[in-house]
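After this come two complexes, each holding chain A, first together with chain B and then together with chain C.
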Partner chain A sequence: MQASLFNTSPGKARITSELRSLWAIVRREWIIFTRYPSWIIALFIWPLIFPMMYIFTARALSGPDGSGLDVFIQNTGANEFIGYIIVGTTVWMWQNIVLWDVGFSLRNEQMRGTLESNWLSPAWRFSHLLGPTGPQIVSMGMFIGITALEFGLLFGVRLNGSVWMIVLMMLAAIPAIYGLGFAFASLVITIKEASAFVYLVRGLVMIFCGITFPISLLPEWMQEVAKWLPQTYLIHGMRAAAFSNAGLPELIPDVIPLLLFGAFWLAVGYSTFLWMERRARQTGAIGQY
Partner chain B sequence: MSDLAIEARQLVKKFPARPGSGDKAKVGEPVQSPRKRRWQFWKKKAQAMFTAVDGVDLQIRRGEIFGLLGPNGAGKSTTIRMLCTLLEPTSGTATVNGFDVVSQANEVRRSLGTVLAGERSIYWKLTGRENLEYFAALYHIPANITKRRVDELIERMEIKDRANELVEKYSTGMRQRIAIAKALLARPPILLLDEPTLGLDPQAARNLRSLIAQLKQEGHTILLTTHYMEEADQLSDRIGIIDTGKVIALDTPEGLKRRIDQKEIIRLELTGWHDDLNDKLKGIEGVEALTTHQQNEADLWEVNMHAQNSRATLPRIVEAISGNGTRLVNMNIVKPSLEDVFIHLTGKALRD
Partner chain C sequence: MQLTNLSQPSLKTQVRALFIIARKDWKVFWRYPLNAVSHVLQPIIWVTPVYFMGKAFSTNGQALGFAAYTGSGDYMSFILLGTALSNFVTTVFWGMGFALKQDMDSGVLESNWLAPISRLLILVGRTLASLLTTIITSMTMLAIASLLFGFKPTGNVIAAILAVIPMLIGLYGFGFAFAAIVLMMREANTMVDVSSFLVQGLSGANFPIKSLPSWLIPVSLALPVTYGFDAVRGFLLKTNTLLPLHIEIMVIIGTMFLMLWFGAWFFYRTERRIRTLGTLGQH
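Now for the complex of A and B:
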């Protein structure tokens, strides 16, 4: 019989092997994503439907001559009420989709039966959570791009700012948004059913982060709570970058808290994963579905 | 290097008993010492524990096929999951290829090829080839070797024509072959196959059994769990029979059968079976290990029993089943099989 292929070479070779494993997981996830045709509907229909609900509500409340919109613009400091709404709703959808996609990625593998066979390989186990994040970020980028395109074409929304500053805000938010997703994914493996938690998080974002209204309208205690949610800073910074032509100096007060929240949530996400992995070895949770 | 590919010593696995699951729970030891617990404001109720594996000892030699045999829930899958590092033993130790399953888990995983969940262990939305390429990367097989290795396995598993089709279009047998190819990708010295022929049609099961025999010829050590007696009999060099978490017998198939060589197996086929007959037959002197099983056809029952001297016992058996609507359809006196050994040892049929 031929000898095993493995040589336990530490260091560089090991890192290269782990990166190849991670890339294989990213590639697998992308291939599977594109083989479900429903992704087209998700990418083209959802960006339009959800914000439209708020846009038409705003129009209905603005009075017959639309004068209410001027009050709204005054309150928010924005010069574009549709753009103001779509930034908030898009951030809300981003967090929502991450909780469902990344948050349930391990659980879906568990129910499919493939989690055990992945777990049995010598690859770094956190890669199985990290991998699905790559295609998720790409599809989310497409989602945001399509949102801008659709509202530009159908509602005449025009960007008044730098695309690079928008990208900067998104990059700064990734650790916090996905860190929460990692923590959530690990919990779902243990408790199996966690839809209620998704509803709670997205409810908090919806009410406290001001997805369609300025936070200054909230009671003081709610404004205090909003300060502890990273999405508040993302929405504020994205609006400034997209519609107020804000540059880096203006965005720093939003970027710094986002990065701090990111470090916190990534640490929580990784620690929760390690806890889940240890617990699964004791209870056999990986193979239960 | 040790002669033993797998060694388990006093392996125990306990799980918290799930309420209403039917687990035979025992109240476990308190989590903390009684002295410490006095200081708690609220007392944690002692967790009821279910012992799935209860002191299993195994010594599997390199190059042999070892069959682990037992009914559903006997503890064979839990044992195999501890050996492949998915589960941590509650107590006891185990080594695979010389590596400890707890402290050297990654080395154990590198030494093993596993088929645990069969066709569910691979991605149905990927092609057969994509699955193998994916798992090759997870097993850290260098990129320059992967293509050649995947091609070899596709050829060997006789799926070349359909390697680029989605797995969801494959038959169960083909999916199982991909799962086995996945286990062979890294050419591991030891294979753990958990119920590899479950759900396969007879032809596919036969092909898979011949593949397992070939793998042994190539030098692999194979730990096979199954609840098909004939499969274990045909393939295994040695068999461990596991029941209620304990290995209750361990020998070659022939050695196990010799244990009841002096016994005869009386096999009846009846219609009109009723529960009273159970006690009647058990009451006949010389009748042991009676089991019944309803055949696929309605109202046709297979009744097996062991007897020291069938000539003396048979007339009394025929007399007991006469009348009351029961009709003897067929009767055989057969040589003991592994199934009979199992019944002799546990008092129940494997399929129970």
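Now for the complex of A and C:
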């Protein structure tokens, strides 16, 4: 048998093989997620204790006779502060977890020493970033559901709105939140240590997006900054959907900016990935850590 | 053939080892200057939502509800001081628990364990540099925060510092016990994160514990750090304290000895078991 000098690659990318490889990555990530028992803490403990610290501060600010609460209701238009705070802190936690999980997914592969070999497989390389996103969205859905359940049971927080409108707001926010995660993941591969950048991005959300207060209390320049952050619209829309019984017409002013931000961040995320991929091939950065 | 041990541990060698561990951590910390900036800015970022939330509860800049609990409507000074103190709690938790896990992961724990120095000293050494950096970053944080939000200590600074010292020493006892659990579980990240967050939260870093739901107040009162935070605020901000200040100081000193004894006892007991099982090198 005569061996050809120009062997063709045995890997032939087809839609089905691409989907199969994407599914394999999704499955791998799910197995890793459930293999460490600390996921129980991540899903059951954090949704409760993180907002609780702000809630207890709000209780203290209300005073023993609840006099501060009247001022809060007057300033925010909300009926009570627990649900108001939960929505803000949950959105913050969502973005934070995406930055750590999706943002560091490629970096974790790099640290494990498997990124370079995976990169050589004839699969669509963006699958390596899309794959971890699937289990992340599922676990995040569970996280938000458990948050609602825990605060409903323990603090008596009740919805005054449609679950479907809340789901709509979350779906509208997915492209923006995960697009930012994709852009981040590609940058992390290039700059390696990026914890400080996670702190910066989540810090912006914490300061400007009104996680525990209405943004009308911010100075004007800070309100202008807040308008450029998609989480501001998500928090506002989710609060309206969950506690003010807002319908689609009332939510449209929040949904449209969210979708526009989503298109922008997905484009930025994918372009950054392509740039990183090209740069990594030129500099050999994929195998370095 | 008679084998003699080359190592001759003395007080001098122990102190030298302690200094070397601290110097190594000091060097590592300042090698990443962005981390130092982050240490200063993070607490400010975390208290910013509280600052604006406080405005939502205030009339003409006065948080009257808060004043009814603490005796002072200056909620930002109360919270900033709690944040600065809770930085030290974080330091001890991460310094001891997480440092052990890092050594496990990088495969040096077993060899460090063979060094002829006290194992508790290794743990103390891992927190010395971070205590110093925490003092620097917390002071810088307070200076910046006082410009942004206003921090107005009106009381006795020396008395407040003297109250912090036994609280910190007691925290070391807590840290020893915690390090033992990390050795046993071989997992640190989530444990350190959740425990340090809970201890800080329930000891009233950001609110007076009197505002907690009644079923949580006993938990809070069982934490010695609660009295430390309360006494320091009493001295520095002249807030209402849970107990008379001299009694709080006695509680802090008493629990300091108790926690040191219990932490060391639990650590050595667990460490002996780990050596018997031979799992020290596993992670």
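By our rule, the second predicted complex is superposed on the first by the 276 of 289 C-alpha atoms of A that agree within 3 Å, B and C clash if a C-alpha of one lies under 4 Å from a C-alpha of the other, contacts with A are read in each partner's own complex, and residues count from 1 in each chain.
Rule of thumb we're sticking to: contacts are C-beta pairs under 8 Å (C-beta built on N, C-alpha and C of every residue); 3 or more make two chains touch, one makes a residue touch a chain.
The model shown is predicted, which means the values in this text are computed figures rather than measured ones.
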Touched partner set for A:Leu61, first chain B, second chain C, both or neither: second
Partner chain in contact with A:Gly113 - chain B first, chain C second, else both or neither: first
First (chain B), second (chain C), both or neither touched by A:Arg281: first
Which superposed partner A:Arg28 touches (first chain B, second chain C, both, neither): first
First (chain B), second (chain C), both or neither touched by A:Arg20: first
Touching both chain B and chain C, residues of chain A: 36
Residue numbers on chain A that touch chain B, as the complex places them: 1-6, 8, 17-18, 20-21, 23-25, 27-28, 31-32, 35-36, 112-114, 116-123, 281-284, 286-287
Sites on chain C touched by chain A in the complex: 32, 34-35, 37-38, 41-42, 45-46, 48-50, 52-59, 63-70, 75, 79, 187, 189-191, 194, 197-198, 201, 206-208, 210-212
Chain A partner contacts - residues on chain B that touch it in the complex: 15-16, 78, 81, 84-88, 106-107, 109-112, 114, 116-117, 120-126, 130, 133-135, 137-143, 145, 166, 179, 182, 186-189, 218-220
Chain C-touching residues of chain A, taken from the complex the two chains share: 36, 38, 41-42, 45-46, 49-50, 52-54, 56-69, 71-72, 75-76, 88, 193, 195-196, 199, 203, 206-207, 210-214, 217-218
